[in-house]
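What follows is a set of structures to go through.
In the two assemblies presented below, chain A is common to both, partnered first by chain B and then by chain C.
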Partner chain A sequence: MSRFSFLSSDRAVGLIFIAPFVVMALVFMVYPIAEAVRMAFFSYNPLRPDLITYVGLANFEFIFSDPLFWSSFTQGTIWTLLSILFQTVFGVGIALLLHRKLFGMAIFRGMLLFPYIVPTVVIALIWRWIFNPEIGVVNYGLLSIGLINEPIYWLSTPTMAMASTIMLNVWKYTPFVVICVLARLQAVPLELYDAAKVDGAGAFRRFIDVTLPQLREVLIVVIVFRTIWTFNKFEEIYLLTKGGPGTSTFNLAVYSFEQSMASLRLGVGAATGVVMMIMLMIGSIVYLRVAGFGTEEKST
Partner chain B sequence: MTSKDKTSSRMLLDRRGFLGGAAAVGIGAKGLFGAGAASAQSTKTGTVRVWGEPGPYGGVGVAAMNEWAQKNAPGLKFEIESIPWDGVYVKLMTDLAARRPPSLISVESPIAMQMMAEGLLLPVDDMVDKIGRDRLVEGVKWEYWGNWKGKQYVIPAHHQPHMLLVRMDIVKELGLKDPDTWDWNDLLNAARTITQKKQNMAGFCMALGRNLCTDYHFAALLHAAGGRMFDASNKFEVAFDSPETVEALTFVKELQPYMPKGAVEYSFLQVVDAHVTGQTAMSFYWGRTLGRAAEEAKPIFEATEAFNHARNPKTNRRSNWNDFQGWCIPAQNNPYIEEVKQALLYQQTSKEWLIKYCHSLMPNVAPTYKDIANSEELKNHPFYKSKPKTVDTYFKSSLVNSSSTANELLQGVNPLAGYVHGRSILAQTVQKVVIDNQTPQQAAKWGARELETIRRENARLFG
Partner chain C sequence: MDVRLQRINKSFGAVPVLKDVDLVFPSRKFVTLLGPSGCGKTTLLRMIAGLEDISAGSIYFGDREVNRLAPRDRNIAMVFQSYALYPQMTVRKNLGYGLRVRKTPATEVDSAVERVARILEIDHLLDRKPGQLSGGQRQRVALGRAMVRKPDIFLMDEPLSNLDAKLRVTMRGELRRFHLDLNATTVYVTHDQLEAMTMSDLIAVMHKGVVQQFGTPEEVYSKPANLFVAGFIGSPPMNFLEGKIDSGRFRISEAALPLPPLTRGIAPGLDVVIGVRPQNLSFVTSAGPNALAGIVSLVELLGSEKLIEVQIADRKRISVQVRADSQIHLGQNVHVEFDTSSVHVFDKLTEQSVLEAMR
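Coming up: the complex of A and B.
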């Protein structure tokens, strides 16, 4: 009788509904992470599966003594910070522009999602053509209007290649920031603006004192997620520059891939992934603490 | 001349024309050779996966195998899976690691030799006996494709050297010497002269990106200077930190100002593009540049000729990097070994199919057997008729200058070359000089350290 009552209870229904997610998370998230952590302590060349050996911390010693790991970390950090900075600035700016009742705005908002919807592989290959120094549309446009006298080699120098990968990332993911910010803007009580106007606040003052505080929570979340996703990003860099020229656009994800696939050091690749995970966990916790995320709810 | 004839004439140099010519040859040649070893019918069913490079030749090889299957294994179908040149290493390693190899692989010798030494391939000496041990073209040996500890593991598919491609219209216009007589100084002077005198045109182009193409281009210069990565006669001790490596790197640095600025990220396709679109007057490349030019830029096709590389002034070597591409059979997790052997034997002993194979991408894939190389049917192709010297350079006269990272200076099989290319060590060494502005000496030391790591990690391969 009691078993029957449990099966028909809300709690049982909740467990049944959550079970598929739990199973999927175990199979596709928890197990791979656990396996990567385990692998980080082994030497494993996939061509010689019979020679898998426990090596303790040797893989971590390898990466921490590898100059390429540190330059990948530095470049990955630069790429992440600049990408997030521009995405946030442009995202908030565009969201403010779109937060108006104008004819056709819905269509425009829909079109804005285009870069976010198109698969990265398509975008990266198109951008390779766009950035082509000889036949790319960017150089053609700049030459046509006289802004430059000779083609820019967008992907051929370390600085320009880094700038190009950042541009691609900003172009693709700014719409995500716009959508999040726009949703929050639409929930800001208009009374706050009316009160600020009554107090004599101008547009800039209203933005600083009303809009930004209201966006604070959503921006904290967006920045945390975008930082994690960007720091881990592999395909955009690999497809656009393959980490080059030289290793000037390597980040830790590309480094991990190169160690695992090109060098067949799966243990080193896994150790890199573990280090990335720890870095991001620490960074996220520190950032959320410093930003005071969630403290408002607790204090009320 | 009927309108149909006129159309045929106009299409003489297009792809359809080549294939048509190849088909005609095939019909004419049919019956001259035996159709391979007789075998009992196989009752197996399914798809036999075959890996090959992009390009039609792998498909032609597989078409021959399907012809065998129709007669001897009606339940089987051979299917080609193309792997991009730059992706071949990763694709091979990941799929082999996942224990789902194809049943047959067409791959270049550095990777074949790595797999062979790792014990992943099936010995094929019994097949070599049936194909004919004395059948190879002059100047090559079976070991160039893949021989390890006395056993043959690879059946030749083709050889494929990169040459010096030169726009002869520019050479004549500027009064430069015959490229066949050039040494490195002449090549450098020609590149400089063209860059200075021809607007919007680079004098020379080679790949400088962090990729396989740069590895192969630089290897030719390294070997021409007499340098090498490993000493095969001395337990593969690293021999890269040498004056010869420094000389080759210095030469690349000297050439760089006369290359397209984007060359530091160029790989295979970009070098072809640079030549075919007229951005450069000279380039290092395999035969594909001529094929692309014939399809897309006929004046450039007509003006371009291939030469053995300029000789190194000290050693007089004109080394190319020759892709001794072969067929190899994975030994593990391969349910179709016997059928693959029979089908491959059928293709290898069919003059008709071997000529079709070469004709499918002229002059990119050169014949490996004397009877094919010397046959009149092979010459029955528009390229051979319009550029006989260039085609013969690729097919025959290049062989005396052949080298390979898998058999450096032809002094011994090197099973470590696949690892070197997988990590783009040579390309990274070049990039230390052309991007990071390190001295050639510093770059050579860096490269030597990386090679020593590879040697140490794989010491068990050579005991």
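Coming up: the complex of A and C.
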């Protein structure tokens, strides 16, 4: 085979097309992950780059015996589960509303993406003002309609701080769920609803027996992605509460950051990242198996 | 249970889709709504089902007006074009869904499902899901879901259109047999005139939201009420020729063809369209006033018959159906004669049958 025939073959063209992505992936994904895994086995103080020593599993022993790691894990799990729960419920609900042909829905649909588009740092700063106990608009509103008698310390009591970070996350990412669910809703065959009506199903039964099964597959995917992204989320918590008050809104991402940057234990931070990755991988695989992803019967 | 439609009107926004539909479907008859796409037949069926609002008019099941009844309260069952089986449920669950929703005891549901599954010969498929079935099997499940509740009225919306040609012929016969077993009134929607002809007790031919003719298959075939019905029913389609009536004869170009005696009453000089089916035309050896001269322009073998296209005067073409062994060749000069008794005459202006009006 001559040189020219290889260059013009489909294989060569294909390789040329994927080469840029492969290079990018190697540089920006594979290398950093490999480096993080490697670093997890070293003691690495950025102030003493001459003293990088191999420590085996010492970093992992450190984090597993650190109570803050475990409380960060628990808090991170609560924050993830509640965020996902509310995002899914609100997301499906809003999508069902938007699916109806109501006046002004097109405009609302456009506006819906707003929280998702605005950078997190902007939103977090705005929310800090909104939730400010003295001059924030939330307390002002609640006080003036008489729902509360004294200001709520949204960001400075542990429970309320956790609730506020969850609210922010739900507010920002519900549109993502809405878009995914809405796209799937529009593909549900209308004859299925007609058949259910003739069979005698009321609105609730039609939702349970027609709509939900059709949404199952998209919800599984959305929940997996949202779980991974939320569990790993750093900037929303850090920008809104810095993990506080105290360490009450630490999740593992914040814990990793604090170990690396504040305590200058880069190896421990990296080990935390590795543990998070393994947790999420196991969690995702188990979830997809249990949920039976990919076994959905296509509608006929 | 008989179904009466009284001056039914329907419009989507400003677009009228059904105009003054007046029909009575006698109890236990197989009635077909037949027409091309967009004629309003499916809309009418959905209105009988209660899935579509009625803009004006009334629907009665027996003596009961059902206009405002929800589909679930009409004791109807419907088979959809796409079958609309619940994809996540097994065949068993699909069949029993209507009964379960109505809170029927589980043992009753089971026995009803098993009974229907046996009749339809799908009992070995009960634990499969619709995605694992062939088109024909899904069709049977959809039928079974409709049969299981013993409805008063069976509605079917083009249920055979997704099947291949051979299966469609088999299912035609089966549907007809099921109808006879079930003792329910069946309303069947199709655009396929062959389905309508073979299965129905009565056919309502629809076009542009208006019922063109309502009668037995024999009636719509042999006594079409207007040009549309004449052209829509029958395969190969009827030939139409425009000309004038003159003392009991039909004048077209040079020829003056004899017409049935009944036509003698028609006003002379009336512009008419005559229709004659390819089966009622034949070739004669000699030219004459009763025959049209022409040249064979196409020969199609249909199997047991041949369809011959003949070009006559004024570049008009007519089709003649002959036996397959007839020796007719392309380019041959021929003379075509009409079977006078089977000629249909339509007023060119109103498109209505002149003959049927005089009978």
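Methods note: the second predicted complex is superposed on the first by the 290 of 300 C-alpha atoms of A that agree within 3 Å, B and C clash if a C-alpha of one lies under 4 Å from a C-alpha of the other, contacts with A are read in each partner's own complex, and residues count from 1 in each chain.
Here is the rule we go by: a contact is a pair of C-beta atoms (placed from the backbone, for glycine too) under 8 Å apart; a residue touches a chain by one contact, two chains touch by 3 or more.
Here the structure is a predicted model, which is why all the values come from computation and not from measurement.
Asks: Looking at the overlay, does A:M261 come into contact with chain B only (first), chain C only (second), both, or neither?
Replies: A:M261 contacts chain B only, not chain C.
Asks: For A:S65, select first, second, both or neither according to whether it touches chain B, chain C, the two together, or no partner.
Replies: neither
Asks: Quick check for you: in the superposed arrangement, does A:E191 touch first (chain B), second (chain C), both or neither?
Replies: Touch status of A:E191: second partner only.
Asks: Report for A:P158: first if it touches chain B alone, second if chain C alone, otherwise both or neither.
Replies: The answer is first: A:P158 touches chain B but not chain C.
Asks: Looking at A:R48 after the superposition, I want to know if it touches chain B, chain C, both of them or none. Which is it: first, second, both, neither?
Replies: first
Asks: Look at A:N149 in the shared chain and tell me whether it touches chain B only, chain C only, both, or neither; answer first, second, both or neither.
Replies: Touch status of A:N149: no partner.
Asks: Following superposition on chain A, which residues of chain A contact chain B and also contact chain C?
Replies: none
Asks: Can you check the complex and tell me which residues of chain A touch chain C?
Replies: 189, 191-192, 194-202, 205, 209-210, 213-214, 216, 296-300
Asks: In the complex of these two chains, what residues of chain A are touching chain B?
Replies: 46-49, 133-134, 151, 153, 155-158, 161, 241-248, 258, 261-264
Asks: Give every residue of chain B touching chain A within the complex, in rising order.
Replies: Residues 89-90, 93-94, 96-98, 118, 120, 209-211, 260-265, 277, 279, 419, 422-424, 428, 431-432, 435-436 of chain B touch chain A in their complex.
Asks: Spell out the part of chain C that touches chain A in their complex, as residue ranges.
Replies: Listed in rising order, the residues of chain C that touch chain A are 46, 49-51, 70-72, 76-78, 80-89, 97-98, 101-102, 129-132, 138, 145.
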